[in-house]
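Step one of this worksheet: look at the structure below.
Residue numbering begins at 1 within each chain, and the chains themselves are lettered A, B, C and D in the order written.
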């Protein structure tokens, strides 16, 4: 599997998305959510903004995403603290209305591909004052002087990220922020929670399906924050942030009453929790995974609990956002027996 | 000082509210925000709802608040889990527009009095499944069976709370939720944060002034969640929740760039932080208090830090909400020298 | 009540110590644990050190404590990071063997008085690199530069602490570290836990009784770390640390199976928890308080839980030690009815 | 590479252990630490116990470990809460004295192999009341009823773990608890910290090297707690605990001043942190990894910080012990360029 495009003939036909979705794997119309169509980007995920697109289950959307800095950081000599203005960070495309979506349903989002935009594609990574895991922040309030501001502008293509003369990293794209609207709240695009949001899970790239619990009519899908690569935890606070063309396919699973996002790829199923402290995010993820194994894979809850103690997988999305994100996974080959 | 009504001739003339506010202690018009005027109550604090009242700095507002359960729990045999429907909890009056309020200003809210409403005033306290400090919750996810549901309906008057045959508690009212609108988010009324929100600080009763950092035009004041009494931490998740008549006086302090709510009563000044884990809420509160002492009381920051290590006061609001709230205080008689 | 000496004719006759202890309030022999008798001080609390004194229940011990810096910091120009050598901090007197003490019993320690030692009594407060609540530490690891080192040497007497020209604080002494030995572990004197340890509770001064769950034969009492004053949380990491003469009276309550330290003064009973994060310390304290109200005050556990939600008191000892300490209290006048 | 035995001709010749150790990869004498030689097992890691063996750097030790329950749980109908007696859990072999080891040095422990002991090898997994990640515990104190006790006895061999009729897991052994002695503390074998301890890292199996910072003369190596398999986080509190024959080779790296354990296998280097809350363990691990890259791999600290934000690996050991353990790793092929 290329990291850029997932071959849709593959595993996804066996996914819950294809087995339970209304479209059932049948691909519908392709929509283009360009910057022009998008117009104003969004910095808060909620029910109060005007939709930019309306689609049917099964439809494909080709999305032009901006980088998390809204393209404001253009050079390594730029100052993030002067250019970035909270809360106008992490611009989101959308909302996209999915016809027929109602509270209690689940939106399945399959990522087909993530490619670069424009000439000389470049990613941006910053150290922003009072942001990141190894510095005092607005919440973990300290009296220490902030860390220095740093900007890295990194050339990349769909194979590699040219980090430095010494280090070349693989292009392993994923989408950092993927959301449906809360019922009545509108949550800034930096915060992950039950609606999805800024989960920053490196697994959420081409070939993966994310399941989001719908709370508002039409689901109101928001998407943005493409990362060309990200380490576990996103320790300095930012990934290789870049403008992308992200192609998704969307389906609707009716009446699947889940509380938190779930996830599936060829290898595993994963439940996702977002909370502070980090152990609470991990607790949520494991509890939801156990519930999933009980309801869909015919496990006794104590057997699932004890067996995951021997074979469960944990993925740390980030521990830098206002809430931290953890995925707890089970290998399909093990649990599907 | 009665717990019900604060004599306005007292300390408040020396408060920051009177010394720096536009109205400067001059009392303006009195408005009545009855249930009828309010109409629909709000469950999310943000910029997207229609205002119910528009006032000038210095004005007084007499507010009819509902209890946190929206009055749905009427008997000790009621089942909270059947009657309460998330996220429609903790109804808020407002938003009240304060003329002239802009981002960067601070709203000062002085609580003049909190009295009961109607015949046979009664408070309600519940144990709600997966809510409270000594049980697994949606965030601190556990597999244990939930605690039993319990409802207590407690007769009260403006002197006492008749908890049980054995125990009579004092009527010590305070307002649990006091907020201005975030800039672009809309935050459910259960969550405290920089905008104020569900802070549950027992000190926030008659005779106190709360300072809220304004982010949206007109400030957009929300108020609700009266408690007839509450212990430190609100350990079971709910206080003696009751419908109140809460009378406030509001003023505007222009261009006071604070990040978190602050508080003042006759005895102390206090900075307020809300976060998880609880040490982060406490860190925020102490850092903001130090900043306050540096900017307004002429302290060197290291002297303030070291002296508060000898005489700082900590108040735990709650450790049951989606974020926990802590106040860090300094005795005026000490720091005003 | 003076802050220095508690009049023993007072409330303590009604304490659990006097009502349940073997000595029953009868005062025994007075021992003098001078520096000479002590010899080598201890930096770890456990079963492996030689005892310095053996006493009977009811006996009084007059203890010469050192300050937490072992007296090494003598001037405001001293450098803590050069003078202090971990883990040799917070020297403890003891261990004192209490005859008849066995695992499952409880040691009651009543503090009669805390006075200064020597001419020109002086307290010491430091900012130590990577120590304190508002800085990165060994555990909350940051990349920020450490805060500056600071030393304050503060003249004091048994009325006042002469903090600065501007600020005089009251002399409100308490003992920071009070412990019995764990069963097989030996825990450094900086860490509080079930054995007591470095709890730093400002209430633990003259006139208070602390109850410690005995795990090792003879109880093995350690004591040290006198504070002339301390704010809630000990935010900069250190209090007004001073060498004291601390006079205690000790009794033994047989077969009282408690898991965590408890506390009593004239006004309230309090259970004490030590853990990270801070909410866990608070949870422990409240759960133990509920258990206490159920076993000794005839409360139903749900009634205790709900009533403490209205009238519980929380005291923050410190949030700077390897574990944080919280007390959860109930007013005797309320619960003793 | 078999999961049971690592071929010593492989990568380990390039390890820090072989490049910097006194023995430099030369294999010394083989010692047998049988149950008979061991005699009494230990439940606390410290400087106060008598050594059972004295070895030279380069020596091999074949250790007969007991399971974490001391072999007390023999049948699925046994009751852990009746058979297990805190703090006598997680028995450790040792202490082994390493000649020449001094404070400031590092002990390198290479695991050569982990095999089963005796006929019909069987692992044990339990749900123990108030223990595990998805239940209230002694620290995360709740009022909920505890989860049911459960015992699983699982047949296994050096290929597979026969979990149930439905599920067979791979035999992927690792050592749960590996320690050197603290300087003056003696820490129960359930707790991980700077000395190593109960880290429960699934990577710590055959073919790996662990580096432990020596604090006490002779290092005083303790080892125990073999797991035939363990999931990330050890969510129910226990792994497939089994008695093993674990063969290690030990070397001494002089004067390597590290604060926390480090780790190396063929693929990556990893720093290990243990703390609560879980984000603090992760912070420690990443900070130590950055320090390692700066001192040994010639990275600028900000470049290391930002690059790990793109390619760092996080391994969750456990989030059930008194402290939680996290490893932060960097792929050698990336950083060794």
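Going forward, contacts are C-beta pairs under 8 Å (C-beta built on N, C-alpha and C of every residue); 3 or more make two chains touch, one makes a residue touch a chain.
If you want to know which protein each chain is, UniProt gives these names: A, B, C, D = Acetamidase/formamidase.
Bear in mind the structure is a predicted one, so any value in this text is a computation, not a measurement.
Comparing the chain pairs B-C and A-B, the larger number of C-beta pairs in contact belongs to B-C. Among the other chains, the CA centroid farthest from that of chain B (Acetamidase/formamidase) is the one of D.
Remark: chain B (Acetamidase/formamidase) and chain C (Acetamidase/formamidase) have CA centroids separated by 34 Å (rounded to whole angstrom). One simple way to say how far apart two chains are is to compare their mean CA positions; for chain B (Acetamidase/formamidase) and chain D (Acetamidase/formamidase) this gives 48 Å. The centroid of the Cα atoms in chain A (Acetamidase/formamidase) and the matching centroid in chain B (Acetamidase/formamidase) are 35 Å apart. Within chain A (Acetamidase/formamidase), the positions touching two or more other chains are listed as 134, 140-143, 147, 276-277, 283, 286-287, 290, 305. Contact residues on chain A (Acetamidase/formamidase) toward chain D (Acetamidase/formamidase) in their complex (touch as defined above): 125, 127, 132-134, 147-148, 150, 152, 161, 163-164, 166-167, 169, 229-240, 276-279, 282-283, 286-287, 290, 302-303, 305-314, 316, 319, 324, 328, 334-335, 337. Within the complex, the chain D (Acetamidase/formamidase) residues that touch chain B (Acetamidase/formamidase) are 134-136, 140-147, 277. Within the complex formed with chain B (Acetamidase/formamidase), the residues of chain A (Acetamidase/formamidase) that make contact are 43-44, 46, 48, 87, 138-143, 182-188, 259, 273, 275-277, 280, 283-284, 286-288, 290, 301, 305.
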